[in-house]
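Presented below are the structures under discussion, each in the form of structure tokens.
Same chain, two partners: subunit A is paired with subunit B first, then with subunit C.
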Partner chain A sequence: MNIWNPVRITWLHRANPVVKLGLIIGLFFMTVLTHNLDFVMYQAFVFTVCLLVLSGVKPWKMLLFLIPFLLAFISSSSSMMLFGKGDTIWWEWGLFRVSEESFYRGLHLGFKGIAFASEGLLLVTTTSSVDLFYSLMQKLRLAPKYAYSFMASIRLLPMVWEEYVIRRQALKVRGVLPIRGIRGIVSRAGLYVVPLLAQSIRRAHRVAAAMEAKQFDGDGAKSRTYYYPFRYSRYDLLVIGLLAAAACCAYIAAGYFPWFGIGDVRFD
Partner chain B sequence: MNGLGTSMQEKLGVQPRKGLRLSDILVTVLVSLVLGVIYHFWGSVYNLLKPLFFEADELLYGMWFAAATLAYLLIRKPGVAIIAEVAAAHVEVLFGSGWGLTLLLYGVIQGLGAELVFAAFRYRSTSAWTLAFAGAGSAVGSMIMDFYYSYTDDLQAWMFFAKYGMRIFSGAIIAGLLMLLLAKALDRTGVTSLLRPASRKDYEALEDPRHV
Partner chain C sequence: MSNAVVGLTPAQSAETSLEQAVCVEGLRLKYPGEDRLMFKDLSFSAARGEKVLLLGPSGCGKSTLLQVLSGMIPRATEVPMKCEVQRVPDSWGYVFQDPDTQFCMPYVDEELAFVLENLSVPREEMRERMQAALEEVGLDLDELHMPITHLSQGMKQRLALASALLLEPEVLFLDEPSALLDPEGREQIWSAVKAVSEGRTLIIVEHRIEEMAHYVDRVVLFSPEGEILGDGPPAVIFADYEQELKSYGIWYPGVWKDYARSPAGKELFAPIDGKDQVAGNRLPGDGGTLPDVLHREPVIRLGAFRGMRWNKPVISLPSAEVYPGDFIAVIGPNGAGKSSLLLSLMGLLRAEGTYELCGEKVIQGKRRKVRKERERKLRQIGFVFQNPELQFLTERIGDEVVYSLLVDQMPPEEAQMQADRCLERFGLKGMDGRHPYQLSTGQKRRLSVATAMARQPAVLLLDEPTFGQDARNTFAILEMCEQLRCTGTAILMVTHEMEIAQRAATHIWEIREGQLTSSMPSPRWSGGTESKRHTVAGVNGAADTPSVISAAHHHHTGVSS
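Moving on, here comes the complex of A and B:
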């Protein structure tokens, strides 16, 4: 299931998924714990650039995927701007109260959201779920029963969609007319949700019985062999170096070229 | 019949296995992925309520905790609530959403919120109250995540209480009570009997002379 369809294979594709996961979670925590507006703004900028370069996806396509981030920027920052705590009031109307502090905190949240999203996409665009679960099993000793359950379920999901289509056709053939309004939505949900869930439980159970018979749940994760072996390589070091350098760039840029020059955005 | 003191269960040497088996996990994950797809489209329903009143959308937030409680109602073992929420969040990763990884972290902590409630009842209770508490527990989990993620503790006090009051209420209603109804409906279809280990009653039925 690869919706990204990269045109280039970059270092990030070649790095071990576990290393990437660890690295990205590290970057996440860095961004979560950043309370300085300038630093977050540069992070958002630097990692978006990294994403455009390292994802290997065509830049215009990537930019298309970035459009929702702008909407998220507006929605996540507006709530804080209008309702946040603050002392220096700029504008007040009824329940809305925009203060200097809440305004900057809102901006901070917007940039933070973009930084999170581009960090997350760095991993998501370059790693398939199968690769991630295989290397989690091999490098972090994730029990095979979890990894194979996830991988099997991902393959079963399209079948659930097929069943949805069949159900819809069946209801049409039987002449079930949709009811309008709220009651209609509720009754329609009942017509679909229960049979689809029941059928997916049945199917999952059958597949699981077959998988157990073939020892996919075997506990011997140590002595197991794998169809796709995953190793560490020099690309791991390259990627770690590259993203650490990007983070350092953002930090230094925030120190030397601050745009806003305010400290901590949190209240008191 | 039981003259020698060996029931069918002992003869077969069957013990109900503790811990999660592959089939438990697979059912949990698949059901959660299906719910994850619903989560994905729930976002647009959620946006419909937005213009109604600021933060009124919080009333629908509970849907995003549904996987934890539904999975628990089906499997009733430790750990399924967390797995379920992570699996449901994983759908966003599959769909290539930029928020995928953030949502995975939310999934872990929301699942943990529900899991702690179930653990407090020692994974035995499936009463409406327990489930409502579990839904609320997930809401509290997501609230804690929000503090770090979006500084919601810096909202004005009335806004803060309105927002999270609605979210907790919605967690209790949608993730708790609505999922209880859904699980009952699933029980009536008979599929859930696949998931329960054979009970003493089933083995006694095997030995019932009337069936010989």
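Moving on, here comes the complex of A and C:
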């Protein structure tokens, strides 16, 4: 959680989480439904810039977080390039067949991945889970029992990790020798899953009992008051405007400065 | 409901209902899958403002009764039960045992707000009420918006008490709130409880009762079958049921002294004269001749030893030696690096410096060959983790010990025989076929120690093995350690229990802020020599055992006169 700590608070932090969630889902749909290579490339570029500026996280840190997505870009685009269908063959060697169409489709896929990642991270880096669930309860009438069980389980995750580390050490101490191959993986998984699950279930039960003891009524959303009030504010409009403008920029740029200029990349 | 008040006139029943804060009559309850009833026609009530302590052996149903009295059973937890009368208080608060599983939110203020939200308290009043509650329990935080994970276990329990207070409870139910705390935390939670108990009814379940045994108005003692054995003022109960308190493993005041007087305790705490040991028979029953002893090598020798986590030293020892037959209690505040010491000795943390085990150098390094060699050497050490369940590998109790022996390349028939003997010694015989998870907490602990001990390691490392255990289990673990010590195994035990350090251990290592700050013989080791008084005073003020100090003092003056 601490690694996301922003150095600056931006408009995006101040906007209502529900608005952000809606906005990001909208952007997701836009990216999914885009089949123009230039547009997708500009989306990836524009939203990465947005992410660097609006997340409030130090840019070098953010770029570090983007490394895994870069790897995803390389792997997804290269596999599409090497194995995808196409008529205009550029290069062929055994199973590998790079065609013009598959090459562009590979790039398209890679850029889509980057665009998705940036859009998702825009939400994740600027919204805490507590904020998100509080505003979902207040604005979208999410039943408190779901919201609080999610928040409680997020709190329990680090404990599971801690236990995983102890279990690993304990197995080493007990002299469990690694068995190679698939059978090894399966038996190894069993050695971890059973004790960790047993502990987690017990812990979840205890947390639930403690919540009940604090007079938690999962369905009583009507009379419930909220410690963090979430209202719509002008920041919501600002953020909507900003991200819409970013999407428009990408569209216009794709129209005026196309890099590839090949239109729809779908193969039919 | 009507059955219970048949004999009473309406006026009388109204009066009793006013006086009684909680009440249950004719309670019958049975957990699904269990053979017997947990309670059979049990009646219990507490008057308004009364402070009641429920005592009894583990598994006798005290905690279940608490849940019935609060109405959690059957409202929240569905358990088949039947009773004639169940009077649940209008408002109540509950503090549970485990500090880590009482909260659902990540921050202190959010957790307290969760309670206030449940009560529909307007937002403007929230902060004020949070602050008042924290003040009441003596939790002084600079900032309300503080991650709960940054609090110590003792502080977490006080936070749990504070959130219970926000409910403005008429009755407070405390279910072993101090069982998983160190002595400091235990003291804090009980002084907080005392501070807030004014005008409230308290129903307490607890094994560790030193802090509040004489504070309560009434003690109710349960039998293992869930029947009420005794009910009265603390002094009377403690005097009349001494034998039961002992056999139920309750930490009543003076339990250590009583145990020390028993035959088992005399053996366990038998003084060892350190001076004699150096010259002669250091180990009981060892019968070693003088030259033999002179050649006795330390089993562990450390020089400029450092245990590392993420390239930062978390524990450093300039130099230290451990001899066969030593029982070293590793003490110090939480997070000082006690567990890290054990982990780095076990090779689970990267280490630097000189480390000799049984006269052979343990070489640090990442290369595969070096690592294999190191792991082979470190097999001479046994390790017992705090949570026994995370250590079990097999699905049968019988197989657990066998597994340890098979890893050491013992022939299967011999391993089976030795495992049987081992289980018998640990009182686990006859349940070979059951799953380790089906054991009671004390039995699980014994089994985890058995798996480590069966291999007869040269060194045994134990991480707070008595933590959260009742007195009986604690003594059982210490007795097992003593047996092993007598055969020449060196023992390092991390503990918060000063009584263990002073009575059972031979040496005490104190660790503070990642440094071994002092290592000295324990009062037991110096067995009646002058250093005794010095040692006791030297154990960092945490010496919460005036009895030992005064005993040592007597001894000292006795010697000098």
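Following the convention adopted for this analysis, the second predicted complex is superposed on the first by the 236 of 268 C-alpha atoms of A that agree within 3 Å, B and C clash if a C-alpha of one lies under 4 Å from a C-alpha of the other, contacts with A are read in each partner's own complex, and residues count from 1 in each chain.
Assume a contact is a pair of C-beta atoms (placed from the backbone, for glycine too) under 8 Å apart; a residue touches a chain by one contact, two chains touch by 3 or more.
Quick caveat, the model's predicted, so the values are computed rather than measured.
Once the two complexes are overlaid on the shared chain, A:252 sits clear of subunit B and of subunit C alike. With both complexes superposed, B is the one of subunit B and subunit C in contact with more subunit A residues. In the superposition on chain A, contact of A:109 is made with subunit B only, not with subunit C. By the touch criterion stated above, A:210 is placed in contact with subunit C alone, subunit B being left untouched.
Of the two partner chains, both subunit B and subunit C are touched by A:198. In the superposition on chain A, contact of A:84 is made with subunit B only, not with subunit C. In the overlay built on the shared chain, the residue A:120 is in contact with subunit B alone; subunit C does not reach it. Contacts of A:186 after superposition on the shared chain: neither subunit B nor subunit C is touched. Of the two partner chains placed by the overlay, only subunit C lies in contact with A:170; subunit B stays clear of it.
After overlaying the two complexes on the shared chain, residue contacts for A:152 are found with subunit B and with subunit C alike. Put simply, subunit A uses residues 1, 148, 152, 154, 195, 198, 203, 207-209, 211-212, 216-217 to touch subunit B in one complex and subunit C in the other.
Subunit A meets subunit B in the complex at residues 1, 3-4, 24, 28, 32, 65-66, 68-69, 72, 76, 79-80, 82-85, 95, 97, 102, 105, 109, 112, 116-121, 123-125, 129, 145-146, 148-150, 152-154, 156-157, 160, 190, 193-198, 200-205, 207-209, 211-212, 216-217, 265-267. Put simply, subunit C touches subunit A in their complex at residues 70, 72, 75-77, 93-94, 96, 98, 100-107, 109-110, 113-123, 126, 149, 160, 163-164, 167, 343, 346, 348, 379, 383, 385, 387, 389-393, 403-404, 407-408, 437, 451.
Against subunit A, the residues of subunit B that register as touching in their complex are 20-23, 25-31, 33-34, 37, 54-55, 74, 83, 87, 90, 93-96, 98-102, 105, 148-151, 154-156, 159, 182, 185-186, 189, 191-192, 194-195.
Contacts from subunit A toward subunit C in the complex involve residues 1, 130, 148, 151-152, 154-155, 158-159, 163, 166-167, 169-177, 191, 195, 198-199, 203, 206-217, 223-227, 229.
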